[in-house]
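The next part holds the structures, each set out as structure tokens.
Two complexes follow with chain A in common, the first pairing it with chain B and the second with chain C.
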Partner chain A sequence: MLTSVYEQNKRTLITSAVLLLAIAFAYSDLRLTIYGALMPMFEWFETTPFGYVGKTWGAAFATVQAVHLVGLGVLGGAVIAADGRLLGLLLSDVPAKTVVDRSHRVFVWALIALLATGIFMACGVAMKIYYLPVYWYKMLALGAGMLFHFYIRKPLLAHDIDTLNPVVVKLVAIASILVWFMVAATGRWIGFSG
Partner chain B sequence: MNDSDKPMTDPIKDRKDDETAALLVAQAFIIFSGIYWFLQLESVRELLELAYG
Partner chain C sequence: MNELLYNLAVMIDDTQWSTLLHESYYMYNWVESTHVLTLMVSIGILFLIDLRMLGYAFPDVPASKIAARLNTPMLIGFVVMFITGILLFYAVPVRTTQSVWFRIKMVLLVACAVNAFLFHKRMNESVASWDNEPRAPKRIRTGAMLSLVFWSVVVMCGRFIAYDWFDCDRDPNALISFVAGCVDGQTRY
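Up next, the complex of A and B:
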């Protein structure tokens, strides 16, 4: 009986558990303990070859940052195209499934570029970002955005979109735009901090 | 094995599960974003008020 309830509501139950754990983590002392424990890792980041290059060779950092920003732009474009279509605001003459699937491919490549260049950039300014609260908000948004995209949004849109509840589809599109907007905005905020 | 022995193969139940999970997360994101950006805007407004009266 319980197994059957779990099997039928697996994704909902796992999602609820993750949300509750995230809220509990945000209000617990464990957050501060982990924050303190991460400091040696950030100090080590600065001593890696990426850290040395990032700190001492401004042109390399600027070039990688340019790729990072282009990646962010492409990812933003993929999100706006797919979610704009789900909201019925653009590309309405193309089937939603086509727009969503093609945008997903672009999204994945842009995300890979963002993560690769982001790791390099983080090594160059590791201790600066360690003390920036906005950096941790960005990581929270990035982690939540990736989980949302691959664990919630993609399986949902794998169904026939016309059979889905339109309110849910629109809320998912709005949430997706908001979470990636937060990643972009907090990312630029890091650039303007310190 | 009859159909009731394999509930996860039911596409309607799968879809409902995916929809409920999506609704839950979408609401959480929208509420969190609303609160976060409201507080950020409030802090900027207070800062401007301190600076310029």
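Up next, the complex of A and C:
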């Protein structure tokens, strides 16, 4: 009985457990312990070739920032197209499955570009961002976004979308737009802080 | 011409609203954040359309459908982007007017507009014959590629405006000074 309930709701239960653990972690002393333990890693980031180039060659850092922004734009376009379709606002005469699947490919490439350029940028200003709360909010939003996209949204939309509850589909679309705009907004705010 | 632009910028800089916007930490940053985040709507969707023409996105969806259905949200994004862009200029008029990157960006925006006009004209003339093809004909692909390059450089220039490498108060060399439009004896930067 319990096994069948678990099997039927595996994804929901695991996601809920992750959320509960994240909340418990946020209020525990373990967070501070891990935060302190991460400092040597951030110090090391600045000594890597990426960190060296990022710190000493302003033009390279700025160029990578610009590529990061272009990647953000492409990721945003893919999110808007797919979630706009799920909300019934865009491309409503194209099957939802087609729009979601084709957008996903663009999304993945944009995400790879964002992560690659993001790691480079983080290395260049590692100690600055280590002390910035907004950087950690961004990482939290990014983690939540990736978990949501690959672990919840994609498996859900792998089903025949027309058979899914339309309210759930719309809520997924709204959550997706919000989480990725949150990632972008917190990223932008890093530039205003510190 | 540069002196005229400088005087105009100083005049805008003297207005109370320009100072208020510039000195408001939250308002200025919100305007700037909106300008950047609108990238996700405007340039993001534009790049999807361009990638469709190049055959890298939505190859099995008719090109005309992608272009037509995504046009409105893209234009809404661009309108917000232009409004916030004007506000950003209004908040820091002198330095922006004399920014090499801002000037390159403005020239490229004109190039983007011309390219977009030609792209749509060519597309509307011929789309019926290749609408369902995964890749558009070469002329259209060239327009899409130019759009990707121009807008990427626009984003790059926009990002570079924040850096003071070539500002007039840093005594740039003659070429940079000429391109930036630095004015002899200027007192405002």
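Operating definition for what follows: the second predicted complex is superposed on the first by the 194 of 194 C-alpha atoms of A that agree within 3 Å, B and C clash if a C-alpha of one lies under 4 Å from a C-alpha of the other, contacts with A are read in each partner's own complex, and residues count from 1 in each chain.
Quick note on the criterion: contacts are C-beta pairs under 8 Å (C-beta built on N, C-alpha and C of every residue); 3 or more make two chains touch, one makes a residue touch a chain.
Given the structure is predicted, the values throughout are model-derived calculations rather than measurements.
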{"item": "More chain A residues in contact - chain B or chain C", "value": "C"}
{"item": "First (chain B), second (chain C), both or neither touched by A:I161", "value": "neither"}
{"item": "Touching partner for A:R11 - first (chain B), second (chain C), both, neither", "value": "first"}
{"item": "Chain B versus chain C as contact partner of A:R188, first or second or both or neither", "value": "second"}
{"item": "Which of chain B and chain C A:I174 touches, first, second, both or neither", "value": "first"}
{"item": "Touching partner for A:R153 - first (chain B), second (chain C), both, neither", "value": "first"}
{"item": "Touching partner for A:A62 - first (chain B), second (chain C), both, neither", "value": "second"}
{"item": "Partner chain in contact with A:L19 - chain B first, chain C second, else both or neither", "value": "first"}
{"item": "Interface residues, chain C side, partner chain A - complex", "value": "29, 32-33, 36-37, 39-48, 51, 56-61, 65-66, 69-70, 73, 152, 155-156, 158-160, 163, 165"}
{"item": "Chain A to chain C touching residues, read off their complex", "value": "58-59, 62-63, 65-66, 69-70, 72-81, 84, 89-94, 98-99, 102-103, 105-106, 180-181, 184-185, 188-189, 192"}
{"item": "Residues on chain B engaged by chain A in the complex (per definition of touch)", "value": "7-8, 10-11, 13-15, 17-30, 33, 36"}
{"item": "Residue numbers on chain A that touch chain B, as the complex places them", "value": "4, 7-12, 14-16, 19, 137, 144, 148, 152-153, 155-156, 159, 163-165, 168, 171-172, 174-175, 178-179, 182"}
